[in-house]
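Attaching a single structure in structure tokens format; questions to follow.
Here the chain labels run A, B, C, D and E in written order, and each chain numbers its own residues starting at 1.
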Amino acid sequence: MPADPAPHGAHAARSDGAPGTGPAAGATRAAPQRLAQAALRDVPWEVGVAKPDPAIVVDHVTRTFGGLTAVSVDHLEVQRGGITGLIGPNGAGKTTLFNLLTGFDQPNTGTWSFNGRDLGKLSPHQVARLGVVRTFQLTKALSRLTVLQNMLLGAQGQSGESFLRALVPGTWKAQEKANTERAMDLLRRFKLDAKKDDFAGSLSGGQRKLLEMARALMSEPQVVMLDEPMAGVNPALTQSLLGHVKDLREEGMTVIFVEHDMDVVRDISDWVVVMAAGKVIAEGAPDSISQNKAVVDAYLGAHHDAPLTEEEEDRFLAEDQAAERARREDVISSEQGRKRRARR
Amino acid sequence: MAFATLVPGVASAVGEQVRGTLQTSLSGPIEGISVEVATPDGDVVDTVQTDEDGRWEVDLPGAGQYVVTVDPDDLPEGVELNGEPSRTVTVDAGRAQPVNIGLNDGSRNDGGGTIRAVQLFVDGLRFGLLIAMAAVGLSLIYGTTGLTNFAHGELVTIGAIAAWYINVQGGVPLIPAALLAMVVGGVVGALNELAIWRPLRRRGTGLIAALVVSIGLSLALRYSYQIFYGGFSNPYADYQGQRAKSYGPFTLQDRDVASIVIAVVVLVLVALMLQRTKIGKAMRAVSDNRDLAASSGIDVNRVVLFVWVLGGALAALGGVLLGLSDQVQWDMGFRLLLLMFAGVTLGGLGTAYGALLGSLIVGVFVQMSTLVIPNDMKYVGGLLLLIVILVVRPQGILGSRARIG
Amino acid sequence: GSDEGGGTTDDGASGEKQVNVYGTDGNMGNALGEDFSDEGALAGMRGTTPLTELSGDFTDRLLAVDPDLQDYNYAGETYDAVILTALAAQAAGSSDATVFAPYLNGLTFGGEACDSFSACVEIINAGGNVDYDGVSGPLSFAEAGEPAQASFGILQFGEDNALDDAATDFVIAGDEANAATDEGPAYAPAGATGDPLVIGTLLPLTGNLAFLGPPEVAGAQLAINEVNEAGGVLGQPVQLVEGDSGDASTDTATQTVDRLLQSNVDAIVGAASSGVSLTVIDTITGAGVLQISPANTSDQFTEYDDNGLYFRTAPPDTLQARALADLIAEDGNNTVGILAINDPYGTGLAENTRDNLIAGGLSEDSIEYVTYDPQAANFDSEVQQMVDFNPDAVVVIGFEESSRIIQGLNAQGIGPQR
Amino acid sequence: MSPAEKAATREEHQRLAEGALVRADNLVAGYVPGVNILNGCDFYLSDGELVGIIGPNGAGKSTLLKALFGLIPVRSGAVTLRGEDITSAPAHRLVSLGVGYVPQNNNVFPSLTIEENMQMGVYLRPKTFKERFDYVAELFPLLGDRRKGKAGALSGGERQMVAMGRALMMDPSVLLLDEPSAGLSPVLQDEVFIRCRRINATGVSIIMVEQNARRCLQICHRGYVLDQGRNAYTDTGKSLMNDPKVIELYLGTLAKAQ
Amino acid sequence: MADLLNAFAIAGKAFFGFQAIFFALLAIGINVHFGYTGLLNFGQIAFAMLGGFGIAISVSQWGLPFWVGVLVGVLAAVVLALLLGLPTLRLRADYLAIVTIATAEGLRLVFRSVSATPVTGGTRGLSAFNRDFIALAPWDTGRRYNLIGTTWSGGELWVVTVGWILVALCSLLVWALMRSPWGRVVKAIREDEDAVRSLGKNVYAYKMQALVLGGIFGAFGGMVYAVGTGSAIPDQYQNANTFLAYAALILGGAARVLGPVIGSMLLLFILQFADTGLRSLIANGVIPAELLSSTDVAQLRYVLVGIGLMLLLVFRPQGIFGDRREVMLDAR
């Protein structure tokens, strides 16, 4: 673990998290406090490159479903105390890789370790107890538990969770209280505090995502693996949450996250790993990604630098329509065409 | 007073006696065999010859032990003593003790030419097919609505009972009666859905509450049957008393053959319908995701209604076929329920093919297990198999495992 | 019988084997015949049941109570159970079961014979000693509170699948000499009065013995009617509280007993099934209430520790087994298959029958003993086991489900059908 | 009151909604008895329009779509389609009236194959399957490549494609999309937005709920900002996108930074 | 009218009878399994059978003291829970249901089989094992006592007293557990196992603990029943009892501490009142005897019970104590 949690950095980041603060600050902030970024600065942008202080090391992991190779990663290291973005086209194998690393799925071959400890044979809860906690892309809200209970469940090392001690409230009351406070803090950050006594099953899609992430953080993991945490989350809130994630990094947490929103990826990741068709096809600093042709082809598409401008879109649209017209003329039956015109 | 009219029975009041009959089922009564009765010390009490009915009897001087010996030399061709020629029997005071020496005409343990394992297998197949037919509806209803319907057995019963009334009371031949029973089954299924389950679904009743409602419904229906139909078992008027025909290693009654054929044909048709037709796909879609199905233009209520009608009709037909071989009873469906559940689950919940496969396995295994375990535990084997299979394949035989994450 | 055409299960060249099929009290009733529609399906099937020849007069009286009766099985025993209870209460001068129970045995032997409630009460009032000879036989109770000797009907089905009354025979098993000798306490003075006697019934209205319910209910009702016509017990009419026993697979009996006890009954007539009686005997006798069963035949009750409160008018199966075994042996059967329901009644009777057959010289390998679960959906494998054994005689000991087994036997050519 | 806020008032709504294709007035709806999620929400969609709905998580956007589509009971207020009252009409009837809907969650049939999922899209008009499928498979090649595979095994994004695909199969005249771009890779997000515009250009009216708010507002004719079950702002997409209040509260500044 | 009141009083006794205790304990166990942990255990009656036979076999067959029998019963239930849980806790809820039904039914068939007669007494079962226990009663067990319009034999009263104390203790235990973090984990497992795994909880171990705990409650139920009836007969332990216990639980409200208790009392009341009420109506002439003989009552009562169950759940699907919000959530 990085020895220096850099109080100054933490402070800076916290103020950074408030909405409305200049976004550029993240990119330009002084590097020294950000250990991971500093450490990764000199690492070459090569697939499978060794990191100075890897928390997770993956070797030769493959997973096939029938004829489909979902994951085939030769070598991958994840820097401790850094935020590693994992991107790649849909079906690239990101979620499957998460499943494998956290024991939810068994690979065909391969080994991986956390802090030098082989995780291969461990079951999901053992992995989680070592401090590697993940979230799910398709959220798993514990529907008939309240939001607060969902949160409390995330806390680790609760003595009240053992059968016998559960019967002696004295042994867990204090801990429970502390946990509740911490949970409320997190809920406030995630804008869920008003919902604390509602059943998690009654949350909206985005709120579930938030809860899922907050719950994972509740366990104070060493490594947190977030599977598309921001998909479906309101952009304003996303922004403030990113600040929180950065805070966590300052506290020494290792974050791996899957995300399709390149703005987010660029904003917070120290290192980006790109997967396609199960393989890692590139890794490097965030800036490196849009320069990599393979990545652009496989993932970002032609307009990778920024979202399409309206003009661009209009142009594409016009092209499309021309193509469509051409296609229609020779492919589609006239009946279909008539129908469509008639409806207009 | 009734007692006064008693004919003094063989067993009392005549003084001590030993008596018996020598005969075999093949040779008939055996006449002229000499039987000697002596005390254990060897004092001969009397020696008699069997009469034309094969009977013999010897009056005894008193209670006590006696040795009865048969002279095997005169036994006819093919008949021999099963064991020793003599037996020691204890005669109580005043009792005419029958003595049975035991002859062997070679017919014992000869099994009538069938191979037991094969016979049991075939019986099991037949049974399994009937379970399957009754259970398809259970599986489909579970699939489309998530309801674990404990009242499904009552749909089976109503089919059998309806056919019985139409056939026996109404004098209609069984085949049209069975068709009518299917209609009744379908209608009852539809009523189930329209009167109970649809309103409950509309009110947002949970699945477990619905399960308990089905338990209540099952109770109510079952005992209504008992009130109206009675507690007895009754056969249909037709196709009774058939002898089993030999098919080499196994035998079957004609009606069993017919049941098998009907079941196979119907099940294949159902399977094809599920796989190929629009409504079949709609059923599977509804079972996956009701709201999304509605959003695709499927009239969910109509599909569910169709499932109930189909399930009810099939259950009814299953009931009729079951009643044909094992008579009609007010609780016949209920007693089958566990096996239906077992079959449906074994194959993989909610999959129609699974229900078929699972039911067949259950049926066959229940029968075949009697080769090794006592008959009164025959279900144990089937249930054990169920457990073993599910432990090895937690998603059922044809079920597929859901992806995580 | 070897007159079939077509491919049957012939065993080789020597023609078809004729198998004798026997039944017992659980199935030897016309209800069995109703399950068969084709002529002769049961023809020749014989069996035993605790039975005396009921007089036409008695059956007429029963029919007056319940015109729909088809069978009279255990009607006489039930009638006797009620009469005996009433007599005991009258003799003891109390309607408290713990008080009148000790009188019961003594009322069945020794002294002046009488065969109706009014006649017996007269004797009591005259200071005499009563020997009630019931509709179901002389009763003569042994120490354990059950008939020491009993008459069994040997019934036979005719071509029309109904019991052939002309072919019915009666035998007596057991020995009246085994009856108890203790006449019990001295009778209360003539014309004793007291609290009304309340009798509950615990009879099978639902469940697999439901077919025995109607005759039993009618028997009980008839007895109550007659007792009350004769002035009741202790100067008050006897009250009847009806209850259902269900079968052993439901909890009905326990609940009924609860209700009966709650209604302050002094005696409970029932249950029919031994299995059911076992579930409630402790509750009943523990509550100081008398239990008298008209139909329990399991030998288990003979030894049961019942606080002296359990009686029965049906003979224990040790007696029926003897009658049955005699019947089987008399017919010269060399091999016997026994298909018995797995319940206290079926296993007890079957085992006793087997023991009797063995005592009569039959070797153990000549007997195939199969118990079955009555709840099974079909009996293919049981029948198949019999087919394999191919015995000279098949004994079916069971209740309602017997018809399905016999049907299976018929289909395989080893049933009563020729 | 900013123009956008003003446009969100009931008076404005009633003035503008006249003759709209889809129109919802003063909708009140919710899940649990006694708790309203929509508190008098107004909404309209004119023929040929592409309307975006944005708002914080839990604002009631999905609920609004469900209420329009008859999946949850409407407690008061009315929904009309081409002037015809469709309040709480069963969903399957709306489909036959040419309304398509892609839910936010659980939007595929997991145990059906991809192909069968697509068939469900043309449930009411199975004859058109082949032609429509070719069209959709061109858009999302994966759907054609793995047509025999079970949808339940697919990755999050792949499911989203199936869900979109199913709705496109329908060839509806009104399309309700609940976060169609969520979970898709950037390339495909572009595809989806472009495709939506293209479909819209062919005359299909679209209602789109998006958390990819900027992109959504960029392409849509009009946008609604929903907050706590009420309309907070309504305006053209572009004005909303540039409204500082909207930016601060709902859009954030992250994307703009690039 | 008086008859009806009397019928009510008689049925009222069912509220407190040992059968209500039996179902309450079964249902408390099921509540732990299903209500809180989401384990669809449909074989609860097997635990009860082991409890009942634990005492019966120990006392009448092995001649051990009563309390050793209780211990044996509990141990047997624990062993069954472990054996059952080991392979099956991985199963999806509905599959688990079938496996547990199968286990219970199979176990009963084994217990009642002729081959098991030397141990279990086969279908005859065992009896005469509760004397030691009844003898502990602080009052005269031979007498009958009148309590609020109902009469009880001394022994019965003793069984019921101890039984209700047991129910209270078990409920207390459940209450204490379910408000603790342990209970939270278990409830979370009910909702989604994978999510709980991902948070570092050993789902398997928790499920096993819940299975064992609920199984022990079930065993207690069986013991009360065996001691109450004074006999242990395999056929008393039919699966239908599990279904009724589920009905009781849902009636009362699943995942509520008192749900199973109140539900069971109510269920037994309905069962008994369907009988006594009908009979008194017939006796009163309210229902003409031609229409319904008292012989039909036996069957009709089950029809009424069935309909009663249905109606209760139709109008209160969440049960008496249940939270409607919570129930709505799991509607599919």
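The rule is simple: a residue touches a chain if its C-beta (ideal position, glycine included) is under 8 Å from a C-beta of that chain, and two chains touch if they have at least 3 such contacts.
Remember, it's a predicted structure, so these values are computed and weren't measured experimentally.
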| item | value |
| --- | --- |
| Chain closest to the middle [Cα centroid of all protein chains] | E |
| Comparison of A-D and B-C (more C-beta pairs in contact) | B-C |
| Chain whose mean Cα position lies farthest from chain A | C |
| Separation of chain A from chain C, taking each centre as the mean of its C-alpha atoms, in whole Å | 78 |
| Cα-centroid distance, chain B relative to chain E, in whole angstrom | 31 |
| Centroid spacing, where centroids are CA-atom means, of chain B and chain D in whole angstrom | 57 |
| Where chain B touches two or more other chains at once, by residue number | 223, 226, 374, 376-377, 379, 404-405 |
| Residue list for chain C, restricted to those that touch at least two other chains | 206, 342, 371, 373 |
| Set of chain A residues in contact with two or more other chains | 95-96, 104, 136-138, 202, 227 |
| For the chain A and chain D complex, residues of the former touching the latter | 19-20, 22-24, 65, 87-92, 94-96, 137-138, 191, 195, 202-207, 209-210, 227-228, 231-239, 242, 260-264, 266-267, 299-301, 303-308, 310, 313, 316-317, 320-321, 324, 331-333, 336, 340, 343-344 |
| Touch list for chain B against partner chain E, complex | 145-146, 148, 150, 196, 199-201, 203-213, 215-224, 226-227, 290, 338, 341-342, 345-346, 349, 374, 376-377, 379-380, 383-384, 386-387, 390-391, 394-396, 404-405 |
| Residues of chain E that touch chain A when the two form their complex | 173, 176-177, 180-185, 187-188, 190-192, 194-203, 209, 255, 325-326, 329-330 |
| Complex contacts: residues of chain C adjacent to chain B | 4, 6-12, 14-15, 17-19, 31, 34-38, 41, 52-55, 58, 76, 115, 133, 135-138, 151-152, 169-173, 175, 206-208, 210-211, 322-323, 325-326, 329-335, 342, 357, 359-363, 365-366, 370-373, 375-382, 384-385, 387-392, 400-401, 403-404, 407, 410-414, 417 |
| List of chain C residues in touch with chain E within their complex | 205-206, 213-214, 217, 242, 244, 246, 248-252, 254-256, 258-259, 261-264, 274-275, 278-283, 286-288, 298, 300, 304-305, 342-344, 346-348, 371, 373 |
